[in-house]
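What follows is one structure encoded as structure tokens, with my remarks underneath.
When the chains are written out, they are named A, B and C in that same order, and each has its own residue count from 1.
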């Protein structure tokens, strides 16, 4: 259990650090071979409307999407900073672990202005693999349906 | 000690998650039967002025207050997002534990704007009960005496 | 390993709490006798330009700098609030430990306005001493080269 908690902390810290360092290939490596990644406004999710800003139900799709974002990013150059709160470990089952954590993402533009970009909740299903703990499903519940600018990097 | 630390992390993570999910009854369940909850601007506290924005010295009073807030909330519809920093465990005594943690609360309004609402410090006295670790006293030291809008949900 | 992680959490939590409480002498005590503290915009660091906002390569220099800041602070009275994310423990060697953690600092001025001041990444080299875990080197990588106001307190 304690080992598990340490591994969850490591995975979340790594997740934020790799995105903030723009190391997207390594970031993809945090996901299991079969995985699902989606970004949905909290309001839609609570009403049962699965309309989201991003939905990838395979790792190939996630890789494609990252490539597209990198292209788009040329027109929205910025750096990200993730702050991830204490995780809540829920209903652990054999070889599965549900984890929730609040997050805030701040963006800094080329003029050097740092602004709050988005807040929300990660709801992750983690699986134990030979390569360690990996993300099987990641649901990013955004607090707003109106992200201020283009979603140019994964959250 | 390690078990204790894990329990403190769980309690803080649960605290933020239940408020952000508007699950106020479950949130009340995090407090001990005898408890005290107060919200005081840091400046007042440091000057020894106990004038606060909220003061409840029993769980019945806290329950009453939550009911009133729910009513008030109808005119200030928003969602909260708590980010709680790494806790500092202090002077643990037998069956008592002092915990401090920085927090930031972001609010999202009905137009979808997410803004920083407040920052401050939690100073908690936790007790070990049959139902697990509970909050005996919670002092919310707000960094500002001027919260931008009505304190419509607990911090 | 678990003890080590707990000690890292404690050190980071203490670091933020002492700065936010303006307890600068105790804060200095978190550094090893030989230490280095620097604040560098991330962009400069990545380009190999070591031009920073603050650079102290001895504890005496850090002490001097703190004295000067206290003087400067009389003209920029505010309080700080640090939020430090989950740390990433890297390549632990014998008696050395590399730790990275995202942070956000919020400042509250005398009118009671709380604003985001800066975000960035701590990159710390910690050493085990007789007095416990201490900071040997602290590199504060700021997300922006343009801090909105004078750097009036350490980050």
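We adopt the following convention: a contact is a pair of C-beta atoms (placed from the backbone, for glycine too) under 8 Å apart; a residue touches a chain by one contact, two chains touch by 3 or more.
Everything quoted here is computed from the prediction, not taken from an experiment.
The rotation relating chain A to chain B, fitted on Cα atoms, amounts to 120°, rounded to the nearest 5. Where chain A touches chain C, under half of the residue numbers in use are shared by the two copies, so each contributes mostly different positions. Here the spacing of chain A and chain C, counted between their Cα centres, is 27 Å. Within chain C, the positions touching two or more other chains are listed as 2, 83, 85-87, 104, 116.
Listed in rising order, the residues of chain B touching chain A in the complex are 2, 6, 9-10, 12-14, 16-17, 20, 79, 81-87, 104, 106, 108, 111-116. If you check the complex, the residues on chain C that touch chain A are 1-2, 5, 42, 83, 85-89, 100-104, 116, 118-121, 143-146.
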